[in-house]
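One chain, chain A, appears in both complexes that follow, with chain B as partner in the first and chain C in the second.
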Partner chain A sequence: MMGAEFVALSLPPILIGICVAVACALPGNFLLLRRQALIGDAISHVVLPGIVVAFLVTGAVATGPMLIGAAGAAIAAVVVIDVIRRLGRIESGAAMGVVFTAMFAAGVLLLERSDTSNVHLDVEHALFGNLESLIWLDATGWASLLDPAALAGLPVELPRMALALLVVALFLFVFWRPLAMSTFDEGFARGMGLRTGPLGLALVVVSAIAAVAAFDAVGSIIVIAMFICPAAAARMMTNRLGRQVAWSAGFAALSAIVGYVLAGYGPLWVGASASVSAAGMIATVSGLILALAAIAGPHRKAVQ
Partner chain B sequence: MTLALVQDDAKLTEAARMASPLAVRGLTVSYGQTPAIFSVDVTVRAGAMTAIVGPNGAGKSTLLKAALGVITPLAGTVAMLGQPLDRMRDRIAYVPQRASVDWDFPTRVIDVVLMGMYRQLGLLGRVRATHRAQAMACLDRVGMTDFATRQIGQLSGGQQQRVFLARALAQEADLYVLDEPFAGVDAATEKAIIAVLKSLRDAGRTVVAVHHDLATVPDYFDDVVLLNTQVVAAGPVAHVFTEDNLQATYGGRLTTARADPESVAG
Partner chain C sequence: MWADALLLQLGYNATLVTLGAALLGMAAGVAGTFLFLRKRALVSDAISHATLPGVGLAFVVMVALGGDGRALPGLLLGAALSAALGLLCVQWLTARTRLGEDAAIGAVLSVFFGLGVVILTVIQTMNTGRQAGLEGFLLGSTAGMLRGDAILLAASAALVLALVVLLRRPLTLAAFDPGYAQATGWSLARVDLAMMGVVLVVTVVGLKVVGLILIVALLIVPAVTARFWTERADRVVWIAGAVGGVSGYVGAALSAVAPALPTGPIIVLVGFGLFLASLLFSPGRGVLASVLMHRRYQRRVHMRQGLLALAQGQPIFEALTRRLLHRAGLILPDGVATAEGQAAAAKALLDETRWSIVRRDQSFAVAASRYDGLTPIEDVLTQDQLRAVDARIDAPQVVA
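Let's turn to the complex of A and B:
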C-alpha cells in the first residue's frame, strides 16, 4: 500500500480531501461564532443552479465557466439572504434556509428539464462529488513527487484546492484582529471605525471560494460538514480563539485522512466487498469527532 | 438690538460646538416607521461628565450608537472638535451595553483589553511585552488583574463590565462613551467604575454615559441630557435636572421609571 499504487491512487484524493476540509473548517470557526454556520450549507446548495446555468450557457462541462457560474450563484444568494434579512427583519438562519432550499430546488428543476444525460452532471454528483476518481495516473512511486513531467499530470483539483486553502489562510491571517474584534463585539469594532459590513461580507466571500472550489471535487456533503463540525468540536477543546482555529484545522485534516482510509478499506476489513463513498465517510468521521468532543471535551459549555 | 443678540447667541453655540468633543446636530434615526430619535441636537461639554437620561425606548442607546456611527442615521451630523468623526476615531472609546455581546466567545480577559489597542497594533503588529504591561495596567485600574487569564464567560456581570471599561482605558481616548455602564452590576463595581470615570474627568477627559438611576445623577454627573425621542432639556445638572423637566421627559411614567433601573432597552 505504501508504494506506487498508494501514490497514484490514494495520495491525491487524500491531499485534496485535506485541503477541502481545512479550507472549509478555517472560516467555519468565525461563521460558527457569528451564528452564521448555516451559510456554508447555503453556499454549497446554491452553487448547483449556478453550475447548471453555466452548463446551459456554454454547453460543455468545463471547469472555468462552472466555477464562474457557481461563484455567481453564491454571491447572488449571499446578497438575496442579506436583503431578505434586512427588509423582512427576520433572523439570518431563516433567511438562509429559504434562499438555499429555493435555489437548490430551482437547480434540480433546471437540471431535470435540460439535456444533461450525456454529461457527468447530476444531483448525486452534486452531493457526494467523486473524490475517489481523482487519481494520478502519471505517478510511478514516491519519486514522481519530484518529477515535473509526472507532476503535470496531477489531478487539476489538487492545485486548485491548495490555492483556495492558501487564499482562505492568508485572509484569516491578515484580518485576524478585525475579524476577532467584530465577531466578539461588533458595536465596539464599529466604534473604532472598522468597516464591519464589508469585513463580514469578505468572510462570506472567502467561505464561498472554499465551498465552490471544493464542490467540484468532493460535492456538498463534505463542505457542509467541514464548515461546522471541526469548528464546533474545537470550541469544546479550548477557550482561546487561536487555539480553537488550530484544533479545527487538525480535526478537519484528521477527518479527511481517517474518512478516506475507512471508506476505501473499512468495508474490506469487515468482510464486505465494495468500498463506500469517501465524501460520506469523511463527513461521518467529522461528526463522530464532534460527538466525542461534546462528550469529553474539556471546555464544554455548562448545561444551564 | 434683538437681532444682534440672536447673532451673538448663534456665534456662541457655534463656538461651543467647535470646542465640543461630541457635537450632534439634527440626528434622526428610525427603525421601521417611527423615529427612535428625532432631530436631536446635543453639544457635550469638554472635560465634563454627561448623563443621558430618559424613559425606556427614549432612544438613549440609539443616540450613542448613531453619534458614533455604529448605526447609520437617517439624517444629522456629528463632529468632534469641529472635525468629522472618522478622522477622530483614535480619540474616542466606546463601551457598548454588556448584554450586546456573546460572553461565551473563546477569549481571555487580557485579550479583550488588548482589543482596545488595535489602533496601536494594526493588522499584523506583534503584541509585545510593553503592550501586555499596558493592558495589565488598565486591568489594575479596574481591579481585575487577578482575572487576566480567565475566559470572559467565567466572570460575573460586574467583572465583565470592568473588563469592558479596561478595554476602553487601553484606547487612551479623550472621549469615553458608555452605554448603561451600571446596568446589572454589583454595588462594589458601580463604585469602582464611577471612581475611574471621575478620575478620567479630573484628567481632562470627557465622559458621556447612558444612565438609568435618576437618584444618582446629581452625585455622578456634571451635565445631563433629558431625552425622550427628542431632547427635552440639556445642560448642567443644577439647572436642568428639575422636577418639571423630569415630568416632561417621563410624563406619567416617572414613578415606574424610578422603580425599574434594570431595563436595558432604549
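Let's turn to the complex of A and C:
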C-alpha cells in the first residue's frame, strides 16, 4: 500500500485534500464564531454560475478565467444579499436563501443549455468533485519526490491549493488580533478605531478564495463541510481561540486523510472492488469527528 | 408549444405533474411563511440535504429485497426517515451544545449530503444497472414520470396543502406572537415540531419535482415575496401560497416543454422572477415606491424652503427650488415672485410663525410633536386654537 503506486495514485489527492480541508477550516473558525457559518454554503452554491459564465465567455475550461468568474460571482452574491436585506428589510438568512438558490438554479440551466458535452463540466462534477482523478502519472516511487522532472508533472491543483492555503494562513496571521477583537467584541474593536466593516468583508473574500480554489479540485460538498465541521468540533475542545484554530486544522487534516483512505481502500477491505466518492467520505468523516466532539468534548456545553 | 404547456394540453401525466407542482408550491409557500417568520428559513436546507442518504439506502434495501430500487414510495419513505434524523441532529446540536443554529444547519447538511454521495457511488458499483434516476432527486426531473408516480405526487401534494390549511391557526399564532400563543395554552415546542413536520413532508414530496438542492427556495422565496405586498399576517400566508402555486405551475409547465432540462431550477427561477418584480414594483416596500416617495418628499421640502425665502425677500439660487416654484407659477423666470407667489409665501411665513409659537408652549406639546417643517398647522390645530395662537403673534411695535 505504501509503494510506488501509493505515491502516484494516492499521495497527490491526499495532499490536495489536506490543503483544501485546512484552507477552508481556518477561516471557518471565524465564520463560526461570527454566526456566519452558512456563508460557506452560499459561496459554494454561487460559484457554479460564475464558472459557467466564464466557460461560456472563453469557450474553454481554463483555470484563470474560471477562478475570476467564480470569485466575481461570490462577491456579486455577497453584494446582492446585502442589497436585498436592506431594501426589503429581510432577515439575512432568508435573503441568502433567495440569492444563492436563484444563482445556483441559473447556473444549472446555463450549463444544461450550453454545449459542454466535449468538456469536463457538469453539475455532478461541481457538487462531488473528483479528487480521485488528480493522480501523478510521472511518479515512479518515493524517489520521484526529489526528481524535478517528475515533480513538474504534479497535478496543477496541488500547487494552486497550497498557494490558497498560504494566502489564507497569511491573512489570518497578519490580521489575527483585529480579527479576534472584532469577532468577540465588535463594539470594542470599533471603539479602538478598527474598521470592522472592511475587515468582515475581507474575511468573506478570503473564505471565497479558499472556496473557489477548492471547488475546482474537489467540488462543493467538501468545501461546505470543511468550513463548518472542523471548526465546530474544535469549538467543543477548548475555550481559547488559538487552540481552537489549531484543533480545527488538525481535525481537517485528519478528516482528509482518513476520509480518503476509507474511500479508496475501505471497500477493498470489505471485499468490494471499486472505491467510493472520496469527497463524500471526507465530509462524512468530518461529521463523525464533530459527533464525537459533541458527545464527549470537554467544552461542548453552552456557557451560561 | 409553451401556450399548450401552460393550458395543460400536453397529456395526462404532464397535466397531473403540473397540477401537483402547483399544489406543492402552494403548500410550500404557506409552510415556508411560518418558517420565515420564525426566522428558521434555512433549517429547511438541512432537512432537504439530509434526504439524500435515505434515498440511497432505500434503493439499496429495495434492491436487496429483490424489488425495483426505483419505486417512488419506498424512496420517499427513506428520504423522510433520514430527513427526520437530520432535523433531530440540528435540534440536538442547537439545544445541547454551544453551537449556533447556523453551524448546526451547515454541519448536518454537508455531512448528510456527503454520506449520501458515498452511498450513491456504492449504488453505481452495484450490478443492477438501473441506478439511473436517483440523480433526478438532486435537481428534480418530471420528464417521463410514470402514471403511478404522477398520481402519488399530485395526491400527496394535495394532502400536504390540506395539512397546512388545517394547522394554520396555531402556526400563525406562534409565528406572529409567540408570547400570546403560549399564554393561550399552545405549547411552542409542539407547534414548532408540527411546523417542522409540515416542512419535512413538503420537502419529501418536492424531492422528485424540485430536487433536494433547490427545494429550500420553494419554501423561502414565496414568503419573502409576499412580505413585500402586505403588512397583515393572514394575507402574507395566502399571498405566499399564491406565489408558490404560480411558480410551481408555470415552472412545471415550462419544464414539460423542455424535458432535457431539470425541473427544479426552472421553478426556482420563475419564483425568483416574481420576487424580483415584487422587490422593484410593490407599493410601499418596493424599490420604485421608495424612490417615488423620496422624490415627493424632496419636492415638498424644496417648495416650502423656497416660499419661506421669498417671504423674507432672500434671493433663491438653488436650481431645483427655482424650477419647482416657476412650474407652479409662483415666481417669474428671473426669480421675482408673482402675485400668487407672494400670497403663498406670506401663507408659509404665517404658518411657520404659528408653529414657532406652538413649539415654544408646553401646553401644545402634543401638537408640537407633529412638527416636521412641512405639515400645515391647520391640519393639527382647531380654528379656536389658531385664533389663540394668532393673538400671541408679536404685533409690530413702534421703536421709540
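Couple of notes before you dig in:
Simple rule for what comes next: the second predicted complex is superposed on the first by the 300 of 304 C-alpha atoms of A that agree within 3 Å, B and C clash if a C-alpha of one lies under 4 Å from a C-alpha of the other, contacts with A are read in each partner's own complex, and residues count from 1 in each chain.
Methods note: a residue touches a chain if its C-beta (ideal position, glycine included) is under 8 Å from a C-beta of that chain, and two chains touch if they have at least 3 such contacts.
This one's a predicted model, so the numbers in the text were calculated from it and none came from an experiment.
Look at chain A after the overlay: chain B and chain C fit there side by side. By the document's definition of touching, of the two partners only chain C reaches A:283; chain B does not. Look at A:97: by the touch rule set out above, it reaches chain C but stays clear of chain B.
Shared-chain residue A:191: touches chain B; no touch with chain C. When the two structures are aligned on the shared chain, A:177 is found in touch with chain B, with no touch to chain C.
Shared-chain residue A:127: touches chain C; no touch with chain B. Using the contact criterion defined above for the overlaid structures, shared-chain residue A:235 touches chain B and also reaches chain C. Once the two complexes are overlaid on the shared chain, A:109 sits against chain C while remaining clear of chain B.
The superposition places the C-alpha centres of chain B and chain C at an angle of 60 degrees about the C-alpha centre of chain A, rounded in steps of 10. Residue contacts after overlaying the shared chain place A:58 against neither chain B nor chain C. Contact comparison for chain A: of chain B and chain C, C touches the greater number of residues. Once you line the two complexes up on chain A, you'll see the smallest CA to CA distance from chain B to chain C is 7 Å. Overlap of the chain B and chain C contact sets on chain A: residues 89, 235, 299, 301. Contact residues on chain A toward chain C in their complex (touch as defined above): 32, 35-38, 40-41, 45, 84, 87-91, 93-98, 101-102, 104-106, 108-109, 112-113, 123-124, 127-128, 221-222, 224-225, 227-229, 231-232, 235-236, 263, 267, 272-277, 279-284, 286-287, 290, 294, 299-303. Of all the residues in chain C, the ones that touch chain A in their complex are 36, 39, 41-42, 45, 93, 96-100, 102-103, 105-107, 109-118, 120-122, 125, 135, 138-139, 213-214, 216-217, 220-221, 223-224, 227-228, 260-262, 264-266, 268-269, 272, 275, 279, 285, 287, 290. Against chain B, the residues of chain A that register as touching in their complex are 33, 89, 174-178, 180-181, 183-185, 187-188, 190-193, 235, 238-241, 243-244, 299, 301. Contacts from chain B toward chain A in the complex involve residues 32, 65, 68-70, 86, 89, 92-96, 100-102, 104-108, 111-112, 115, 118-119, 121, 123-124, 151, 153, 167, 171, 177.
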